[in-house]
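So, here come the structures, one by one.
Two complexes, one shared chain (chain A), two partners (chain B, chain C).
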Partner chain A sequence: MTLWMHELRLLLRARLSVVALILMAILTAAAVTAGMVEISRQRTAIAAIPAAQSEDIAAVADYVDRTKDAGSAGYYSFHPTWDAPSPLAFAALGMRDVSPYILRVRALGLEAQIYDGDIFNPELALPGRFDFAFVLVFLAPLFVVALFHDLTSGEREAGRLRMLDALPRGGAKLLRRRMLLRIALLWAALAVPFLVAAVASGVGGAAIFAVLAVILAYLLFWTALAALVARLRWSSVANAATLAACWLVLVLVLPTLAHVAINRAVPIGQGAEIALAQREMVNRAWDIPRETTMRRFYAGHPEWADSAPLGSAFHYKWYFAFHQLGDESVATKVRAYRSGLERRDAAARMLGWVLPSVGVQALLTRLADTDVRAQLAYQDRVRAFHARLRNFYYGYLFRDRPFGRVDFGRAPIFAARMNTAGGSNEAADRP
Partner chain B sequence: MPDNNGNPIAIHELALAYGNHRVLDGLSLTVPASSITALLGGNGAGKSTTLSALLGFVRADAGQIAVCGIDPGTDADAARRRIAYLPENVALYEHLSAVENADYLLALADQRQDRGTITAALAAAGLQNRAWDQRLGGFSKGMRQKVAIAVALLREVPVLLLDEPTSGLDPRATADFNALLLKVRDRGTAVLMVTHDLLSAADVADRIAFLEQGRIVEDVTATGSERFDIRALHARFQVGVGTRAA
Partner chain C sequence: MSATHLIARDELRLMARNRVAVIALVLLVLLTLAAVLSSWSHQRGIAELRMRHQQVAAAAFKAQPDRHPHRMVHYGTFIYRPLGALAAFDPGVDAFTGNSMFLEGHRQNSANFGDVRQSSLLVRFGQLTPAFVLQVVAPLLLIFLGFGVLAGETERGTLRLLMLQGVSRGQLVRGKLAALGIVALIVGLPAMVGFVAVVAQPGTLALPMAAIGLGYALYLALWVVLILLASGFARRGRDALLALLAIWTVAVVLVPRIAPDIAGAAVPLQNRLQTDVAIARDLRQLGDSHNPDDPHLAAFKQSVLQRYGVTRVEDLPVNYKGLLAMEGERLTSGLFDRYAGASFAAQTAQNRLVDAIGVLSPTIAIRALSMAAADTDFAGHRRFLEQAETYRYALVQRLNRMEAKNVSYADDIAEDAGADRRKRIAADNWQHMPDFAFIAPSASALAAAALPGISILGLWLAVATLLLTRVTRLLGARQ
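== the complex of A and B ==
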């Protein structure tokens, strides 16, 4: 029997260690299962889009086909956009549990549509979901504390340390071996359930390797901390209390304080404020002479300036024009809001270099494409799609072309993103 | 390399201090092969520090120390390969059996043995065969010591260091242990035991050295059938302890 097998037998005979390792594996399995269920639910919702969309468009098309009015078509038609989860999203749900991943947009003012759904669910936003990232960042350090706090002090308290130190392969070598074995087993308790879920989800090899490396690095940080505390030669109880305090400070207190500090240093309003400002602008347009609105619109969009002048009757091109002007009136606010989000995100990433818990969380959500950056990228795709949608309807509205049932088939369709985060998900992007 | 003149344990003018507190002060001691030396002294006389220096846990400030010609201060691993050490309270792994404990400790010493050899050694150490595969949770100190001695026997090292080996043992267990120690000695091992137990030391040791304030103040060798003058030794021991206490 090799020395490693001896150590393994010794470890497995200690009930507390076995319970800790099994519990770690169960929690990890539960977390990846919960993540996969949530992502499966999101995929199912995305997959249901085409059928629902066909029903919606059919209902609108019946009416529009009678009137041939492109304005009605643009006003009543919702067009779905979606942010398909990456294969790795199950491991770190990130922003996906608090921000919308399906957004049905109309060709009207976009900003109010985007920021209507910007209010996070506070119940979810505060603690986050029970996913793999949560287990790794918040719970795994506690298991490191359980398995490592008495590695040296336990031997000293049992009266064995001196005898072990006196053996040729005892002492520091023995403790290093035990540390490595515990790290390996803890790593396996985290990695094996993740690996099974990742393979089942079709995660790419590079992403899997990266996550496995992140797990190892995070465990090494905490074991190094445990080894550092062990050097103080305190009792096992004192070691456990010290490490628990470190956990509290490094995982909960400092990240929270840093979060508050970042928010104060980079103040940004609520997205809902943008939606409100855009709505007010749109509502105000009803009190402005229509010609004034059209003049402003044509100044910014000369490609439509040769459109026939408005008559006395209501025309949707005026309605769509002031909606677009409403969007443009809040463009500065939108840029500032986005820039604020990006600066906060960058600050949080910088913090990750100092606080491993924050760094690991940021790294996992980046790998899983579920972070703020991914959320903003989805917004970019929605904006690009909305611009195409506007152009499509404007082609009918400003040229007074009739819009029939067949024209719905010519409407732009939200393009699937070319997402390579966490592996290929082209199939997942196709609802 | 220190000159040991063939003695497995050779200490010459060893000095060692913890900060300002001088613990060993010119200690000289040799333990030849096939002999048992008992080092007696009161608390703080330097007994445990002597063992620590032999095991390479502490480095001497001055003087020479050698285990089979190896300075444990410079090559502790090599020295430890030649030493079996039994601490005062032999604490082994309670969730392993006697055989498993021996197997594990031998693996740590890089001297693996098969089960048959291990059980033979346990038997030689006086551990009843029904206890071989029992977990150590319910073992007495004497039984645990037998396991540790069996490991020492199996390692066949030239040096055995014992720290208060008979403290807490009943007279029968002490007699058993001493008998075992003689077996170990007769295999050629140099045994150094530090102890408070004068009677046990007188019973088994070939030589008794009194340690006071970090140096040997008296060295008595067993002679004749009576071996030692217990009364004289006791009187000497009382003086040493009293001096230290004062």
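== the complex of A and C ==
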């Protein structure tokens, strides 16, 4: 034990290591704070939905209540959906700054609505967010370099290495002690601020444990690399330069190269095509007999087929029917688009097994439920909700039931996510 | 041959003998070439794809059959943001903004299908472009090659020997400066040569390209001077290296990430839901088309009747529904402009804040400069959104005017079996609609947008050079 205390005292006497450790802790604390501020901003925005929404719907209800027309109600009512952040989201904001976490949809064609984005400043999004994942993936390795590059070479350059090797409990044991001490302190500098923030955010125990393990594993990778470089018996300067170059390649160059390669290997052009094709289908309905549209709609949705035939006047059930047919006509394209997104994401994940930087980022955003998969899952929930919306309005439209003020209150309400990694967040889900 | 020359040549010879240095330099040049090629083919691909989509969308609009003009208002049109030639060098925010936009009546849609939402998580690690290589990788290579140029002489004690031989401190520093400057030139030149080679019409874009070239020259020169500074100040090579790595981390990696967070927290943006609800609220107060007794619309009706000297809308020589649609569009568009203007102003304020923090990090300055000159910054995106809105408004109002003039009021409100046919107007009307054409800013405007960044970098360089002269005077004085 006393040996460890001596090592600690020795370490703390070196200005560089003390500064590095304190800086690491400060940066981590700043990053988790920034993440928590952002997440609380997002929670506030979600919590503000009901007030804005009830005002908006009340105005629609005022108007619709005069005619009791369910079609107008469906046409003019926007229904909110939201993607509540998981408790761990503060640690890895992932895609939450560029993908919408609030989206309002109408019971009309969904394919013209679901790809809409929210307002964000692209110049702020460009460099990426300052969150815990960034500090761990990008910055922590540089601190490993600063603390580990001269562990043996420094002693050799000072002419102490042979003497240390000759000491009892010196040599390899001493080196191991020093490495373990540095890893432990660096790990603490990252883990303690994270732990405080995670407990304050109500992150579940399993997720906290997983993140703590990820931190340790990532640090171990970089210390192992440093130890490997040290075996080459180069000078401290050469070690530092080599390790920094490794960092550059592993954290910056290879991921960007892989990004180009993946996007090249899995081309995705369907997005804009979906929008174009869906619009063509929807608008074509105005140029073909309305009965043709209804026949096709009833063929796919026999539950409404017993509805009264169309008269000569405009009826909203026809309007909603061709919107739904428009969605259905692009279903193949939608599947292809989505599978393209999933293939790109899977390729990046595969890369994570080889590139620790990518692997850690993928793991953290998965645990925090802020990655591409989380965005697609949110889209799935929006789709499910939209199906319920359609069903709700169709119940009035196809049965010619009047839609009064009270019926607005009967509309389905978006069900937030069922459960998430990283603990329960029922409270957060209720806007 | 002067001593400065000799020292520069000697230093370069030393670097050339260092196999690691040569390999690193070759790798960087290869990386630059890969970046130039991939970025160029990416830009070409996107530009072609968007042009093709634009043509398809325009053709689809013109090929529409006889229609009621209001159907065309809802049919709308798609426009795509064209990507300028300079985006091959620095695509800026292009991947982060949607590039396809659906324009229709009554609504202002978001620009969708940006790369960032269609890519894997790797997109957040940065993009391999010539701009990225020069902004991020090149300084690090210069640090590796240059941290020891002065510190090494001090450490080895050769500094004294040189001075004993009559070399002045100024000559020594100038010689080292020249050597590292040449390395910087080798580092920067491939990107610039590639840049000129891939830009299809360099003639018209000469000014912004020159601004970009000047900006990167200043940026790399600044790093060269900073490296000399640290190397001259440090007693050991290792101290110089660690100090430079720390400076690089803070300036290139850390501050560019922290600055947007500060800006985002300082100037909040209203989200889409709140904006839409606010616009709907304002619209109800301006003139609620759903309210038959709305005072504004009643006054509007009265003024129309008065203008034509009739008492009933049925007696108007034009279709009142078309006029009403025009008035409605005028009201909503006014609100769209107001709210979009407020959001743009907030985002511009955020970017200003980041630029201000850029005084602390030359990387922010060079990034802003490079995007501004390449027209791939927020201002460029805003220009597209504003032109899109102008076009949308003109298109919708043109269609509404057709409804007012070419569809009779009696037909427009009729609901009998043949009414649908009578409401339609001839298809050739759609063929006379002007296409959307993005008006790119002039070359001089782009170059001018780069000036603030150039001045910040110039200032940095001046201060760093001044400091270097001080450090030069102290060189070897502390042992």
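We adopt the following convention: the second predicted complex is superposed on the first by the 415 of 431 C-alpha atoms of A that agree within 3 Å, B and C clash if a C-alpha of one lies under 4 Å from a C-alpha of the other, contacts with A are read in each partner's own complex, and residues count from 1 in each chain.
Assume a residue touches a chain if its C-beta (ideal position, glycine included) is under 8 Å from a C-beta of that chain, and two chains touch if they have at least 3 such contacts.
Keep in mind that what you see is a predicted model, and the values were worked out from it rather than measured.
With the two structures aligned on chain A, chain B fits next to chain C without clashing. Once chain A of one complex is fitted onto chain A of the other, the partner contacts of A:Ser307 are absent, as it touches neither chain B nor chain C.
Put simply, the three-chain overlay gives an angle of 90° at chain A, taking C-alpha centres for chain B and chain C and rounding to the nearest 10. More chain A residues lie in contact with C than with the other chain of the pair chain B and chain C. Within the superposed three-chain model, A:Arg13 lies in touch with chain B and out of touch with chain C [touch as defined at top].
Contacts of A:Leu167 after superposition on the shared chain: chain B is touched, whereas chain C is not.
With both structures placed on the common chain, the touch criterion links A:Val98 to chain C but leaves chain B unconnected. In the superposed model, A:Gln379 lies in contact with neither chain B nor chain C.
Between chain B and chain C in the chain A overlay, the least Cα distance found is 13 Å. Contact residues on chain A toward chain C in their complex (touch as defined above): 16, 27, 30, 34, 37-38, 41, 45, 48-49, 52-53, 55-56, 59, 63, 78, 80, 94-95, 98-100, 102, 104, 112, 115-130, 134, 138-139, 142, 145-146, 150, 236-238, 240-241, 244-245, 248, 251-253, 255-260, 262-263, 268-269, 271-272, 275-276, 279-280, 283, 286-287, 312-314, 340-341, 344-345, 347-349, 351, 357-358, 361-362, 365, 371-372, 375.
Listing the residues of chain B that touch chain A in their complex gives 55, 57, 77, 80-81, 83, 85-87, 89-93, 95-96, 100, 103-105, 107-110, 148, 161. The residues of chain C lying in touch with chain A in their complex are 20, 24, 31, 34, 38, 42, 49, 53, 56-57, 60, 64-65, 67, 71, 74-76, 78, 80, 92-93, 96-98, 100, 102, 109-128, 132, 136-137, 140, 144, 147-148, 237-238, 241-242, 245, 249, 253-254, 256-258, 260-261, 263-265, 268-277, 280-281, 284, 290-291, 343, 347, 350-351, 354, 371, 377-378, 381, 415-417. Of all the residues in chain A, the ones that touch chain B in their complex are 1-3, 6, 9-10, 13-14, 158-160, 162-170, 174.
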